[in-house]
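Next, two complexes with subunit A in common: one pairs it with subunit B, the other with subunit C.
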Partner chain A sequence: MSQGNTMDDNEWPLYEVFIRSRAGLSHRHAGSVHAADSQMALDHARDVYTRRNEGVSIWVVKSSEIIASDPADASAFFEPAADKIYRHPTFYEIPEGVENL
Partner chain B sequence: MYTQGLDQKGENAGRRLDDAGLLAAFQARIDAEEKIEAKDWMPDAYRRTLIRQISQHAHSEIIGMQPEGNWLTRAPSLRRKAILLAKVQDEAGHGLYLYSAAETLGTSRGQMVADLLSGKAKYSSIFNYPTLTWADIGAIGWLVDGAAIMNQIPLCRCSYGPYARAMVRICKEESFHQRQGFEIMLMLSRGSAEQKAMAQDALNRWWWPSLMMFGPGDADSKHSAQSMAWKIKRFSNDELRQKFVDVTVPQAEFLGIRVPDDDLKFNAQTGHYEFGEIDWQEFFDVLAGNGPCNRQRLEKRQRAHDDGAWVREAAHAYAEKHGQRAAA
Partner chain C sequence: MTSDQALTRYLLRLGDNALILAQRLSELVASGPELEEELATANFALDYLGQARMFYSRACELEGAGRTEDDMAFLRGEREFENLLLLEQPNHHFGDTIVRQVLFDSFYLLQLEALINCGDQGLADIAARAHKEIRYHLRHSSQWLVRLGDGTDKSHARVQESLHRLWRYSGELFDGDAVDEILRQEFNGPDLVSIREQWRAGLQTLLATATLTVPEDQWMDSGGRQGRHTEHFGYLLAEMQYLQRSFPGASW
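After this line comes the complex of A and B, so read on.
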């Protein structure tokens, strides 16, 4: 994470913060915080990202633990879905007069 | 997802740097108003510009806590104290959102803090002016945060996703800052003659430095053209400054205090206020480190950093010990 050449070799690890704004909604990425451990990451996430009641639940996860797809490969990676237009309801023609379909 | 993918970026960047095709594709994405995300390919200069701008922005928020923090223990009522405390805490939060956004570009928190403390990185010139009276807290919220909002709203549409998202969050909170400042000015301007004089004095001292916050005039702004092409910037310094003057002068009139500019007049044809010449020498002097409080601000930041070292080390040691216990 840190790129060397920092003045502090002991830089706390980075955590990504996800917040559920209210029950019924998914957690959503809010930002990140540095913390020495996971409890501190939760506390910092609360102080930094929910000062105005923005959340009812917080997830934190070490940034280094996240596995992400590579944007450079995005077109090939997502290509299999591109030509399957029959997966969308608009692919099918329904004659006029047919209702509730 | 923000920073961890950056490790590979350094290896790839050199190989791809000269690829004109990539550059053209990048500009095409920008022109199409697509957002650039942390792991996307970007020109080195785009990355460097953003790191410089976002980290300076973050430093400004962090140093910006000092002039207002100066009045925390002397706020005139418990209500004002609670409000000011919340505002200063917001500034810390804004600094942290922005440091996080800058870190997605491959710099580290430690590096940015080191650059601030060594004087290599700049922060907004405005925070090198002293807060002499309580009215200054009103003037800062009203004028300084007002100018910041003018600058920051277009940044919500900046081409770099993490910066734009941080700015959306910041702008939502900034509006409270400006209103609480205006409210302080309103109370003072409706108060005793002495209080009104205090409000006027604060406006006298903060007006010109606030106009300087937008940076040099367009003719002298060295980074502007490229930043506009990259859609990091949406409006020129002079355009934003004009907008600020246009909305702020009527507010001063409402308060019944006078903007300290003999050349200020409304041009009915253009619909804009014309204002006097800014003292750019003062601006460059403050930027070069010779403002009223530059040294004091950095010394205080350095002291806070040093005094906190044992806390950071202890937390680290605690985490390590617990990690070992959990593993055992």
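After this line comes the complex of A and C, so read on.
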């Protein structure tokens, strides 16, 4: 993902683009576009990311509005989950005779 | 002129409009104001090019003389093209390009809307497909017109000037001849008088939002339907047809 808040005054702000590829799926991050306002961001996202029939719905959000985790915090954020295998359903054996769990 | 001849010529004119505008917009590839806007412009050019191919193919089918869409695009002379003069006008600055788009697409959308119900199924099908593309084009260029018109003092002044400069080519949009008349009467084609009213009403609303002034109706240029072009057209055609003229039958 590109940096959102380092634009100087001469450049259009950056927007992150999320595309829903078909009904029932969730929007996924596709990339980013520059645009002067939100409607232009939608148009640009449409023209850059859906020209080969990739989507049925688009979200755009200003990159500067996204609050992201700090890579420096990665070990504190994510590593504690690594050794907690009992949080996965596959850790548990299904007792005999239980159907439809 | 038989009704089929009129229909063929009408289709050729639609093809010419689309092709010439596609060519003009293609000139902006690699020199757009922003990367994303350039891609949008290229998309639009490709949409028009696709429409031109469909109009030409249907015209060739009706003509039955063995000519193809390529013959229409690359092997006809200046006087044989019957596109609207507005569309051959140079891109100049971005405001000129946007005004040209708005003036034409707001007309073209109404024209296509009427053609969806016309008496020729081939044409009706193309119109239905093109209509969706043009609705998006108009949305995009209308937003730009408002952004420029209601933007800074400089952008407002420049786009207002574009509007004045191109206005003289807007009369021709509705300046129908015998071909349009036959289309209307025998194929349930567009009624240019009512389209003109709708076009004006829509444009007035848009221009008011963009804080722009509708120009006074002055002397209007015309002649595109008869193959009489402005001085810019020969250069456009020379560039567009160069390859086929220099290397006849070249393909890849």
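Methods note: the second predicted complex is superposed on the first by the 77 of 101 C-alpha atoms of A that agree within 3 Å, B and C clash if a C-alpha of one lies under 4 Å from a C-alpha of the other, contacts with A are read in each partner's own complex, and residues count from 1 in each chain.
Throughout what follows, a contact is a pair of C-beta atoms (placed from the backbone, for glycine too) under 8 Å apart; a residue touches a chain by one contact, two chains touch by 3 or more.
Keep in mind that what you see is a predicted model, and the values were worked out from it rather than measured.
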- [ ] Answer with first, second, both or neither: which of subunit B and subunit C does A:57 touch in the superposed model?
- [x] neither
TODO: Give one of first, second, both or neither to describe whether A:34 is in contact with subunit B, with subunit C, with both, or with none.
DONE: both
TODO: Using the superposition on chain A described above, determine whether A:43 touches subunit B (first), subunit C (second), both, or neither.
DONE: second
TODO: State whether subunit B or subunit C is in contact with more residues of subunit A in the superposed arrangement.
DONE: B
Open item on the list: Just to be sure I read the superposition right, which of the two partners does A:12 touch: subunit B = first, subunit C = second, or both, or neither?
Closed with: both
- [ ] Please identify the positions on subunit A that touch both subunit B and subunit C, taking each partner from its own complex.
- [x] 12, 33-34, 36-37, 40, 47-48, 51
- [ ] Give every residue of subunit A touching subunit C within the complex, in rising order.
- [x] 12, 33-37, 39-40, 43-44, 46-48, 51
Task: Contacting residues of subunit C [partner subunit A, same complex] - done: 34-37, 39-40, 43, 136, 139-140, 143, 147
Task: subunit B-facing residues of subunit A, complex - done: 1-3, 5-8, 10-12, 14, 16, 29, 31-34, 36-37, 40, 47-48, 51-52, 63-64, 66, 68, 70-72
Open item on the list: Looking at the complex, which residues from subunit B come into contact with subunit A?
Closed with: 1-7, 10, 37, 39-41, 86, 89-90, 93, 96-97, 100-101, 103, 106-111, 113-114, 165-166, 169, 173, 312-313, 315-316, 318-319, 322-323
